[in-house]
Amino acid sequence: MYQASLTINVPFFDVDAMEVVWHGHYVKYLEMARSELLRTFDYDYPTMSDNGHIWPIVDLRLKYVASARYGQDIEVIAKLVEWENRLRIDYVIRCCETQQVLTKATSIQVAVDIENKEMLFESPGILLTKLGVERS
Amino acid sequence: MYQASLTINVPFFDVDAMEVVWHGHYVKYLEMARSELLRTFDYDYPTMSDNGHIWPIVDLRLKYVASARYGQDIEVIAKLVEWENRLRIDYVIRCCETQQVLTKATSIQVAVDIENKEMLFESPGILLTKLGVERS
Amino acid sequence: MYQASLTINVPFFDVDAMEVVWHGHYVKYLEMARSELLRTFDYDYPTMSDNGHIWPIVDLRLKYVASARYGQDIEVIAKLVEWENRLRIDYVIRCCETQQVLTKATSIQVAVDIENKEMLFESPGILLTKLGVERS
Amino acid sequence: MYQASLTINVPFFDVDAMEVVWHGHYVKYLEMARSELLRTFDYDYPTMSDNGHIWPIVDLRLKYVASARYGQDIEVIAKLVEWENRLRIDYVIRCCETQQVLTKATSIQVAVDIENKEMLFESPGILLTKLGVERS
């Protein structure tokens, strides 16, 4: 099971007039954790494109449970849950101190061939090799 | 039916290394259209808080269909689809020139009483008054 | 004299916990006005790179005089003041309603040859052609 | 001498179409280091406002020497160089691996009394106390 986590100290510039993190900034936190996750199996963005693919996000869902404030340490956990035909990653963001869940999210990415711009309907072999799995 | 739209010329700083708008920036475009929509019935953020409520986003979903590029004119349409117990707004982002759909999205907001921080399980009367509707 | 201006309605996501535009976001407003300015003489970013150059910002200075708030209309004026060896653009940001100056800024860009990554010590001929001027 | 430093791994969303960090994002990196610096003498933003002051940035200057790329580790060093009448902080951003200087910057902040919104022409006593210095 591939999983990665990251701790972020909420910066001042991410906090809005309500004194909480503006909801759109969580998309950045998800991406930071996703990069960490992709690095655990050596398939970060530069490796993807060196192998001829990009993996655009096609679906993103966030559920906001509680808000984060300036200076708060938050943990972002990203877990790989689908890889055979697309990448589905699930995320949980928690307050480091209380372990309270702040946000839950899911992203879905599909592989696109850089050469012909066509979407692949199953994940390229290089991903399965990196993950050390075989197609079922 | 309350609806608003907004045209955005994609700025350089929203475009990523793939030369397309980074997926997280669409959350800003949604908010710009949502502000326009809320203004059509005189219930923008300052009016909300003057009336004792904030309306945090609790759920956000985006489906990315095609990508936008630097300098492209895109139209963001926001439509109010639920208001009785919560605000649900649906969005479509299109290329102005080709009318191609780029992104679809939905946001859900709930009212919170500023005084006691409690979530309201039905929309406050002021919203219905602003909308010119009665509770069903 | 090349000059361009742009009106921005301050979005909610640019406002910080002090309820004013976070100082770093003005850099975006400057770039939006700079793009407008470059378009007045047909030398926007895609044209630059089609002609073999990029023009990175090498120096940026901002003086903050007064703050902007959510929903406020602000005007950003960009004026080309040097072009022979580098691009220097001066900016003024004003409140549309009161004409009060909010921010003043200056950016300096130099041409870099895309092929050999070398900085040019005088502006490429294509810029002078676009501007309709001759080297003095 | 008060100084703080911070290491940032350049996130994908900060990189522009030229595949380098967009120049405006460095303002965020400066602020992250500034928060660290203010914490070294217990005078972070919440402490400032608890003591009745805000400290807006009034002047900001950045010199861009070289560019940073996705995934690069960069170090941001912030050093307090003036405090008696205003806060002046100087910054250097380096590549962690090569120690190459990427960006130099300076910010100037002045104290404003939260109650009457007036700018103070010398730093409030609480800052000098926190710094453990006396007015010269």
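Labels for the chains are A, B, C and D, by order of writing; each one numbers its residues from 1.
In the analysis below, a residue touches a chain if its C-beta (ideal position, glycine included) is under 8 Å from a C-beta of that chain, and two chains touch if they have at least 3 such contacts.
Note that this is a predicted model, so its numbers are computed, not measured.
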Of C-D and A-C, pair with higher C-beta contact tally: C-D
Maximum centroid distance from chain A, chain identifier (CA atoms): C
CA centroid of chain A to CA centroid of chain C, Å: 33
Intercentroid distance (Cα basis), chain D paired with chain A, Å: 29
Inter-chain centre distance, chain C versus chain D - centres from mean C-alpha coordinates, in Å: 23
Two or more partner chains touched - positions in chain A: 12-13, 17, 24, 28, 31, 45, 70
Touching residues on chain C, where the partner in the complex is chain D: 17-18, 20, 23-24, 27-28, 31, 45, 54, 56-64, 67
Complex contacts: residues of chain C adjacent to chain A: 12-13, 15-17, 19, 22, 24, 70
Residue ranges of chain A touching chain D (in the complex, touch as defined): 11-13, 28, 31-32, 35, 44-46, 70-71
